[in-house]
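Input: structures, listed below.
In what comes next, chain A is part of two complexes: it sits with chain B in the first one and with chain C in the second one.
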Partner chain A sequence: MLRRTVLSAVGAAAFTMALGGAAVAQETLKIGLILPMTGPFASNGRQIETAAKLYMQQHGDTVAGKKIELIVKDDASVADVAKRIAQELIVKDKIVVMAGFGNTPLALAPAPLATQAKVPAVVMAAATSSVTDASPFIVRSGFTQPQVNVPMAEWAAQNGIKKVVTLVSDYGPGIDAEKAFSGTFTTKGGQVENLRVPLANPDFSPFLQKVADAKPDALFAFVPSGVGAQFMKQFVERGLDKSGIRLIGPGDVTDDELLNSIGDVAIGTITTMHYSAAHDSPENKLFVEGFKKAANGLRPNFMAVGGYDGMHLIYEGLKKTNGAGGQALLDAMKGMSWVSPRGPVAIDPETRDPIQNVYVRKVERVNGELYNVEFATIPNVKDPTKATKSN
Partner chain B sequence: MKSHTEDDVRRVLTRRGRWGFSEIAFWLVAVATLVFMPDRHLILNEIAIIALFALSLDLILGYAGIVSLGHAAFFGLGAYVAGILAQQGIGNPLIGLAAAALAAAILGLATSFLVLRGSDLTKLMVALGVALILGEVANRMAWLTGGADGLQGVNVSPLLGLFEFDMFGTTAYAYSLTVLFVLFVLARRVMASPYGLSLRSIRDNPLRARAIGIPVNRRLVVIYTLAAAYAGSAGALLAQTIQFVSLDVLAFHRSADVMLVLVIGGAGYLYGGIIGAVVFKILQDYLSDLTPQYWLFWIGLILVLLVLMDRERMVSKARTLWKRTANRLTHRAEPLATTRTAREI
Partner chain C sequence: MLTILFDGVAYGMLLFVLACGLAVTLGLMNFVNLAHGAFAMAGGYVTAVLMNRYGIPFLLTLPFAFLVPSLTGLVLERTLYKRLYTRSHLDQVLFSIGLVFMAIAAIDYSMGSQQQLIQLPTWLLGRADVLGIQIGRYRSFIIAVCGILVVVLQFILTKTRFGSRLRAAVDDRRVACGLGINVSMIFAVTFAVGSGLAGLGGALGAEILGLDPTFPLKFMIYFLIVATVGGTTSITGPFLASLLLGIADVAGKYYVPSFGAFVIYTLMIVVLVLRPQGLFARAR
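So, the complex of A and B:
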């Protein structure tokens, strides 16, 4: 008799605990943030993590009555580790959505998992156009290289630049940037010569010497965020700053995080990009101030804005689906539009890439600091690679 | 007189070839993780792969004294061979594994003649150079390898036509663990043979080994080739279970990490690599969860402490203690001195 009572009590206790556990699990929505926090792309990871946490701090950690938990994981800039971590987050932590992905290989490796597990993946950094083709569950909150480089080519053609040498890092986004720029620029009657620098351990000096010998009107440069300072240093060492060759390119070279440490040599560089810390809007002011406070004065760059908007996309998506993930969340994120610190953004429901303004900017000294100051806007640019494909 | 020594050696070798209780327990625990830790299979799979890679380095570093900082060359080649085969439609994992091991063995044989010249430092640099060359070749041949973006579309068929590589990594881990075990048993057999002993004598004193008639170079070429095949198999396991290959597999940090693993676990005995891999990966996983930004600092600190505190001495102390307790428990009066002589043979 006593034994039975004890047994049933234990059983009841176990049952309640199991129920309680399930209830708690239902109330938390986990977001897996996979970022390169160490290794060569660590600066991207740091920017995105700070921005994502800032977003949660500003907007609270409850969505649709459920608590949001952000799990930050370091992939050490190694693609197979990124994939393993994504897989663990899906099967072990049961995340509703994954996000981050510091560069193209780090996004392409886990992409098949998004499809298999039907877990949406918000790509905040990787900028090769083809990333969203890798899985129908990928949504991008950052930008694509062709998106910012076609406007660059148009601007160059309109502003008396006839001969350009391109110098890009030899991997997905670099090749995308080169193709997008060269393609548009040659159809506008320009002349282009292409150079590619290895991604690992880049030494730019021999390539820059070639540029100096070719004497083009402008040098179009793409290097991944973080390598810009080294590039600019070697640009000056080779005397290219005094040769009359103009420096143009996507905003990666004059990355906001590094711009001040690059110094005055950067002044006058013309770039096209979707985000500048100097963008004049109340949303951006709030973002920059909050970010600097959270990161000890570090300035946010385009990686940070990708992370911030990625979180916005996830928050608003979850609000629409009332906390449900999978296909519903994906559908909720498609076609969403809002005003971001970078300006107006919408997610193209066809390609799942952002449609956004691209700004032409010039490096100037403002209040003692160097900024990319926007002076022209090309509104609502879609990813041009996919736009031509679908036509 | 001579036959007497031969008998002695044979007896000692047979005894040392026998499986001890702790060894059997070790592998039983490994199998148990397959059943009892279903949500950790992914990291366990990675541990098994790194363990195999470290075992491969141990064969040349711990047993033959060849210092190499370019072991990733074989690992990466194996990964690319297996990955590209699977991508081109030959998805059978066992064929991929065999092809990867073979390709790595051929590269090992070919480069052994370069590597096995000169001093330790020369060996180290030549091996490093080979890995760098291979890395750049893989980068240049982007049409085949996918270059810096990585190899896309690796589709591995179900193992033995039965077991699909699942999301939970269960098949992957079972597969990697089995391969690790089979290759471990092979390595154990080799190292307990007279050939293994001759390798150790070369490591301890190559001049003397040559003087007593051991064909030093031939022996080293064979073990270098075997180790290359092992590393290639580890690479193949990575490519097949992760179903993605990037240039990272040939990167310098792979070679450095595996050296680190071996330092943690201890070179010169077969479990060193495996224990090192377990400790390293668990530490990394735990620390990088705590501080995603600064875990490398803690790993570095632990490594410095480990080396300073002299792991060898701690392990041997622990071992003596264990032996003494075990002896007392079983009342088996096997003197320690005999074991020591056996090790010296």
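So, the complex of A and C:
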């Protein structure tokens, strides 16, 4: 009996202290960052987390007089875990905005929660075009696959490439990439043959042999960035580079983080993407240097820039709303434009996708390291899938 | 056409080196060791670390890729596996799958979850033109190494005293013990060699199959297919099964890409329906 009284007394005391503490402390705004920190997509998570923390380090942790608290949660690359975490963050931690989402399924699963709770969700990585359709509260700071692949098809058509074989991993973004490229390339008079590779595919040799026998002018490839290195090596091992087949694709294949370890086989690969670590601008220099320092020499890739810009979007949005979340924050983020390390970016108020420059790049050796060197720019590209839908 | 056959053979050979250790533990020692892939992964990581951190040439890392997993295997066999020989298969499965998850977590923690990439020496890169057929140099190298291994293993198993003791211990453990054969020592050595071979396979395969912490789970199904299709009572069974699967997989993906992913599973089902004891095993 005595014990119980003591316990409840202690409990009551703790409760009062918690209340008192909250009233005294400066009001905090919580940002829930849901990322794959373990599992097959962990490198995306690591890149984004480092970039988000770098942004906070460079820009301080107070916005509109309120303290920003970043809560990083690991979804282990599993969609239903991502959903559960989103729910916990909304209900228990009372976050003003959630962000992250390492790939398409990880973004689609929590999307309905954003709608129900009216909590904006900033998608930093997932690149399937339809992600922003899943909830009116989703804003994207990364890119969409069609956005970078339609320019690739246009570039190929203009540069004497007539016949292309596409080889994509058989899942959402791969199919998106295939459709975007093939659609545009055939309307420009090109000829396309499509190959899809199972996602869990240990050996590319049969598919590459098929490409070799088809003798196209170029091979358009999309594989998830980790497997990209393996793919490139087998491409060269099979002698496809010497038989005059050019390797083209979105920048996932020549991911900045892995490019150096892929080695010289990557040299000459042409890709289109919205970000390269070699992008020549003062903003990017600051970003790359800071990132390398924070991550032990690791180079930032397009995932990192998505995370960095996502934080920028949230900071600027909160400044406009004076710390308010919900619909006000969503409206503040729509139509925002700024100069990012990747170049100029704006958020399309209708589709909530970024409008940005897409660069055509070639892998070259610069100061002893391999980089995607940009040599042509297609300015202000909107997500083409949604652009055609609304027309 | 011949290039496809060649690629299939190389792939099959690689599968064999990776899986033959499993065939031995499963068939000869009657132990279900799902953690076999973890030893293969260990071998791959040994090679990757030695090459990328210490700059040791690829060929010199291969002996280590064999030794480190085989010593690990020996220690684990003496301390853990030994206790489970007499237990039910369910216990063995639960135990070894637990080991797999521990291995995955340990690698993830210490090495990170990204793909490990290795740079092969230049003389192994590219392709050579032999009698009008384009063959990859690295794949020829794999075929040569694995071919030698098959011959050596077959020789040890059938022609040496150790081999006949092993076969005796497997056929009837109690009688073999009674005849003064040190069965537990033989099992320990066999287990160590099987783990070492898996490690070597993991190192050789890093370039073709990739290497990340999920390796043991990704390839577990392939190992099990080899063991079930080939039957587990000899070396030749799994060997021929690996070749068959390698060629079928490569050819299937080449000729019918949309169905390619299912070819080996279809093959496995057909074989198991027709010959449940395995393609090359004698019926019991």
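To be clear about the criterion, the second predicted complex is superposed on the first by the 362 of 391 C-alpha atoms of A that agree within 3 Å, B and C clash if a C-alpha of one lies under 4 Å from a C-alpha of the other, contacts with A are read in each partner's own complex, and residues count from 1 in each chain.
Just so we're on the same page, a residue touches a chain if its C-beta (ideal position, glycine included) is under 8 Å from a C-beta of that chain, and two chains touch if they have at least 3 such contacts.
Remember, predicted model here, so these are calculated numbers, not experimental data.
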Contacts of A:268 with chain B and chain C, given as first, second, both or neither: neither
Which of chain B and chain C A:38 touches, first, second, both or neither: both
Which of chain B and chain C A:112 touches, first, second, both or neither: first
Touched partner set for A:335, first chain B, second chain C, both or neither: neither
Which of chain B and chain C A:80 touches, first, second, both or neither: first
Which of chain B and chain C A:229 touches, first, second, both or neither: second
Chain B versus chain C as contact partner of A:238, first or second or both or neither: second
First (chain B), second (chain C), both or neither touched by A:92: first
Partner chain(s) touched by A:349 [first = chain B, second = chain C, both, neither]: neither
Chain B and chain C footprints on chain A, overlapping residues: 38, 42, 46, 198, 200
Contacting residues of chain A [partner chain C, same complex]: 38-40, 42-43, 46, 195-198, 200-203, 205-207, 209-210, 226-227, 229-230, 233-234, 236-239, 257-258, 261-263
Residue ranges of chain C touching chain A (in the complex, touch as defined): 3-4, 7, 11, 108, 112-115, 117, 119, 125-127, 134, 136, 138, 207-210, 212, 214, 218-219, 222, 249-254, 257-258, 260-261
Chain A residues within the chain B interface of the complex: 35, 37-38, 42, 45-46, 49, 72-74, 76, 78-80, 83-84, 87-88, 90-92, 104-105, 108-109, 112-113, 116-117, 128, 134, 170-172, 198-200
Complex contact set, residues of chain B against chain A: 39-40, 42-43, 46, 135-136, 139, 147-150, 152, 167-169, 238, 242-249, 251, 288-289, 292-293, 295-296
